[in-house]
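Heads up, the next two complexes both have chain A, just with different partners, chain B and then chain C.
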Partner chain A sequence: MTAVVTDPGKRVDDDSGELNVAVLKRNARNEVWGLLGLCSPSLFLVGLIIILPVGWLFWLSLYDENGMLSFVNYERFVEQSSYVKTFVTTFEVSFGVTAICILLGYPLAYMLSQIPRRAASICMILVILPFWTSVLVRTYAWLVILQRKGLVNDWLIDLGIINQPLALVNNFTGVLIGMTHIMLPFLVLPLYASMKSISADYQRAGMNLGAGPVATFWQIFFPLSLPGLAAGVVITFVLCLGFFVTPALMGGGKVIMWAMRMQQTTSLYANWGAGSALGVLLLAVTFGLLGFFNWLLRGQIKAAWGGK
Partner chain B sequence: MSVVLSAPPISIRKIVKRFGSQDVLKDLDLNVAPGEFLTLLGPSGSGKTTLLMILAGFVRANSGSIKIGPDEVITMPPHKRNIGMVFQNYALFPHMNVFNNIAFPLKQRRVDKATIARQVEQALHQVQLDGYADRRVDQLSGGQRQRVALARAIVFEPRIVLMDEPLSALDKSLREHMQIELRSLHRRLGMTTVYVTHDQREAITMSDRIAVMNNGCIEQLDKPEILYSTPKTQFVAGFIGESNFTPVDCRDGVAWYEGRQIETRSQVPHAGQHWLVSRPEKVRVADGVNGDRGNFFTGSVREIVYQGDSFICYATLRDGQVMALRDYCRSDVLSRLPAAGEPIHLRIDAEDAAIVQAES
Partner chain C sequence: MGKVKLAGIFALAGATLAMAGAAHAEGTITVASFGGTYQEAETKAFFDPVAKELGITIKQDTTNGLDDVRLQVTGNAVKWDIAEMGADECARGTKEGLFEKLDYNVIKSDGINPQLVKDDWVGISYTSVVLIYRTDVFKDGNGPKSWQDFWDVKKFPGRRALGAFPTESLMVAALADGVPMDKFYPLDIDRAVKSLEKIKPNIDVWWSSGAQALQLVKDGEVDMASIWNGRATTLKTEGAPVAFSYDNGVFTADCMVIPKGSKNKDLAMKALARFVSPDLQANLPMLGANGPVNEKAFDTGKIPADKLPSINSSPENMKHEVLLDPVFWGEHQVEASEKFDNLIQE
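Presenting the complex of A and B:
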């Protein structure tokens, strides 16, 4: 203790003059590489099964039937009216289904968000239940129920409400009914989640400040639920655009949607170039729509949430 | 708004509220005087927030009556009660800016635009947020949100204002500042105010009267200074401030401790063992036990905790009970203070000794 007196302050100054800069930098870099290493298997998989095929699709769409580089596959969309019609039908169906889903799904989600948690989870299971059954099975079930001599028409005739059976299937109506059934949960789930996160205090505050139940709903609850509604609408709409099984079965060949066109082109006419072009166009349109929705809804939410 | 509003009294009678099989409020009676600042104080689960929710109309009572002035309101929907409320998390509408939040109650009342603009501006001035009308809610600090919530609750000149732990989300210094501001705002506007908190210091600082709630009942309703100096029950004594509980024997309305009669101003139960309640800062160091009168306690110093401006001395009495003494670190006090392990004599004035019935 008496012999060697080291100055602790000086020692710190001496050997950590650069204050561990190099070591800390190396640690940070190692951390980044470590995380990247953990991600790499899934990144590789995504690249292999998504990026690569999509790139290939794009590549294929640029060749005509003789293997020559051309835009013939894309020119067809403009020249042939049947393509334009398919395109319009696809959007009509998607808009229709999304609109019906909003009309049915919003009140449903609202009810679920307001009832006690236990009752809500039971109802939620009922909403999700159809997810556990195959789309094909559900579509065939609808065919049975809605056909000319099906359950619905028999009842309506027995009750004397109609004389002639209604054409509920093998047409546009059938496609709407079948697809709405399948799409409803996709709208309800995100909407319910966002409604559940709206604090009851906002509605209480609204009523406390003199707004009746209706005014509180439209001025407080509805604007606050818009982001969730937007999420649900986007998911529903985009899924509708690429739908195949239900319109194919319930449209009775009269309602041709984009995905059905693709199937025809590739398996019937074995024209991979044309099929790929359809795929690329759908992808581009979907991206464009997502961007448009994003822009539109951001503006709308801002207006609803906005200033004076 | 600068005129003192004609604030009505609130008369709450026999409120019963059950959630399932649990009685949250049991036949609760409470009268709030016109213009009074009354605080409901109690631990969580005591029913204070439920009572406030029933007052505001968000929760339906099983039975009972609430009269604001002459009018029965318990059957009225919340939007017709005309009661201002400040929520614990403020509940400012995130999709509206400050102006629209404060204008909301006026728009519901179909007030014309020019009047709305003027009244919002006035309300903002009252809470010292002039010029904040265009801010978005998420651009405000906690204290500013608090003020906007306050402005929104008073802008339509409600006769009654309810506050549900409005300061609990603020940090300590801001909270203390807002306590004073809320108090002066109340004095200026004079509305009947019911304030809920679990913070006893806040309640004591702000209230005209405090209702201490426990298990769905009001244990004691008194002015803060009376509540502090003369708690009527063991719960109130334990909940408000720090307390020494010393067991005393009661016979024929007189309390005894180690053969000495306890001098007190409070009512003494007729028989049984009950508690003498004393506050640490009211306990003094005595030089010795003189005569047979006076409240003296003898023990030994267990520990002295230094707290900067003051100290706490824990003394173990002869019966093993601990009595705490708090005083400022002045030289005259410290010089008389025995060291740890040494014997000590303590004295409590009759005015500072309260007897409360032991709870079974």
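Presenting the complex of A and C:
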């Protein structure tokens, strides 16, 4: 690091402005290289244990059962309608769960950021509490609560609200309920952190200039909370794409998500390529979507900030 | 899955250390089976008596079937000397060349259905897929008795579950469509798929594990279901209001193999020969719900006559069940699975 600080103070005294710019540029470059050098062991490690094996798996996806180069693993996606269905289902579930998480999580995080600190930390524990229970246990608990002769249906029937039990589990609804429960904290935590960092002075200033509470919220607070919301949405959405246990148990075998399909495919076909092709496709589409979100949100935030 | 794999890696590391440490690996074989009460029954019926008889140590492990063996063989890290899997998986593994040839001078295959005696694998036990229904919903024995009844949603209204296993469920669908048991193979898979399509809107759950099927029936989430006979027996013993029979059942076999590259091949062969012998096979139905694969077990006098109706592979029950032909399904697994998957997804 010492190499980075090459005595800039002395050069500034020089009357040649040109030289100064060049030195500053060189210093900046040196700093970048220095930092890269410091990072290199971890970069090497990441390359070795993540990029290399993943790249190798991708390479495998180009081979068929007899070890010949072919696109057979990808052709299957088009030939078998079930792959398209699985793919669509995966994104339907992920979008659905993310949307429900936003609807439930945004007001929750907003409330947490507004109430006194002590009450907020108690509520925060309640939000984090489910994290301490295994996903499997929580999923089975939902089965018990939601099934035909479960708590919810029994109560609703006893109260005379419904005559026939509702189909709350072993279908799409069940998967949405189970996954939303698991994903909600992933959205609330980053959102809460970003809302906490929004200074109340901005809102006060807005009010001072004559904006009502609604206008203050939509024109000041909401745009400022967007980056936190975006972070939460991305985490939630991407984690949803890879779900296995919850849809497997709560979907009744009818809601098949991509990760479940990977496992099926790997055991059905005698080559790793069949399964890894699924991985390649999911990764590519996910990157594409994230890029799109990024572009969309950046525009959105800019418009929200610049427009008003 | 992750945990299983990790455990495998640790076990592998342990095994390597053990081999490096001493030469006492002689006289030790490792057998992998499906775990749970089934493997406990196997331990008492086969593993413990054989270990004693041959003066060897039989170590045990659990497996998920063909995938695990394929992983070991193709990865050149074979740690099992005998592995168990479904017979259709054995047939697929044969095509992939994953197993050692069996020596039928050592293993006596008399009494085992020839469909389950192949160059590199042999049957070990029978499981049945049976129709179970709740007697609190269908009272006085008026429940669905056959797969035709199961398909008849007007006469037998109620919620239904079937296994998410293409082979088993397509066979059930074929029976429901009236494919005769004695002329079952070669099965017209498209006919079975069409039959399955008819019942699909009325299937509430496609179960994917034995425990799940048991829970669905036990909690009354469904009124009737296909289920493995072991789980059905458990439900009945626990006192759940259910009924099932071996009539109209689908009959599947488990098989055992010696993975290619096993270091104790000869010893494994001797042990395997004893596992399938009539006198040890006769122990199996006394300990669990799985029937012996060797029909000579019924001649040993070990199995009392009053036990026969509850054994799925007893000569009488066998007449009313159709075998999941491992070779046929091994060959048509991919086709059947693809058609099945295209069908059942919402």
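Here is the rule we go by: the second predicted complex is superposed on the first by the 256 of 308 C-alpha atoms of A that agree within 3 Å, B and C clash if a C-alpha of one lies under 4 Å from a C-alpha of the other, contacts with A are read in each partner's own complex, and residues count from 1 in each chain.
Everything that follows uses one rule, which is that a contact is a pair of C-beta atoms (placed from the backbone, for glycine too) under 8 Å apart; a residue touches a chain by one contact, two chains touch by 3 or more.
Just so it is clear, the model here is predicted, and its values are computed rather than measured.
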item: Fit-or-clash call for chain B and chain C when the two complexes are aligned on chain A; value: fit
item: Chain B versus chain C as contact partner of A:K85, first or second or both or neither; value: second
item: Touched partner set for A:Y74, first chain B, second chain C, both or neither; value: neither
item: Partner chain in contact with A:Q263 - chain B first, chain C second, else both or neither; value: second
item: Touched partner set for A:F293, first chain B, second chain C, both or neither; value: neither
item: Touched partner set for A:Y63, first chain B, second chain C, both or neither; value: neither
item: More chain A residues in contact - chain B or chain C; value: C
item: Partner chain(s) touched by A:F217 [first = chain B, second = chain C, both, neither]; value: neither
item: Chain B versus chain C as contact partner of A:L209, first or second or both or neither; value: first
item: Contacts of A:Y110 with chain B and chain C, given as first, second, both or neither; value: neither
item: Partner chain(s) touched by A:F172 [first = chain B, second = chain C, both, neither]; value: second
item: Three-chain overlay, closest Cα atoms of chain B and chain C, distance in Å; value: 45
item: Set of chain A residues, in rising order, touched by both chain B and chain C; value: none
item: Chain A to chain C touching residues, read off their complex; value: 80-82, 85-86, 89, 143-144, 147-150, 167, 170-172, 248-249, 252-256, 263-264, 266-270
item: List of chain A residues in touch with chain B within their complex; value: 199, 201-202, 204-213, 215-216, 219-220, 223-224, 304-308
item: Touch list for chain B against partner chain A, complex; value: 56-58, 77-79, 81-85, 87-89, 91, 93-97, 99-100, 104-105, 108-109, 134, 136, 152, 156
item: Parts of chain C lying in touch with chain A, wherever the complex brings them together; value: 1, 66-67, 70, 92, 96, 159, 164, 204-208, 212, 215, 219-221, 333-334, 337-338, 341-342, 344-346
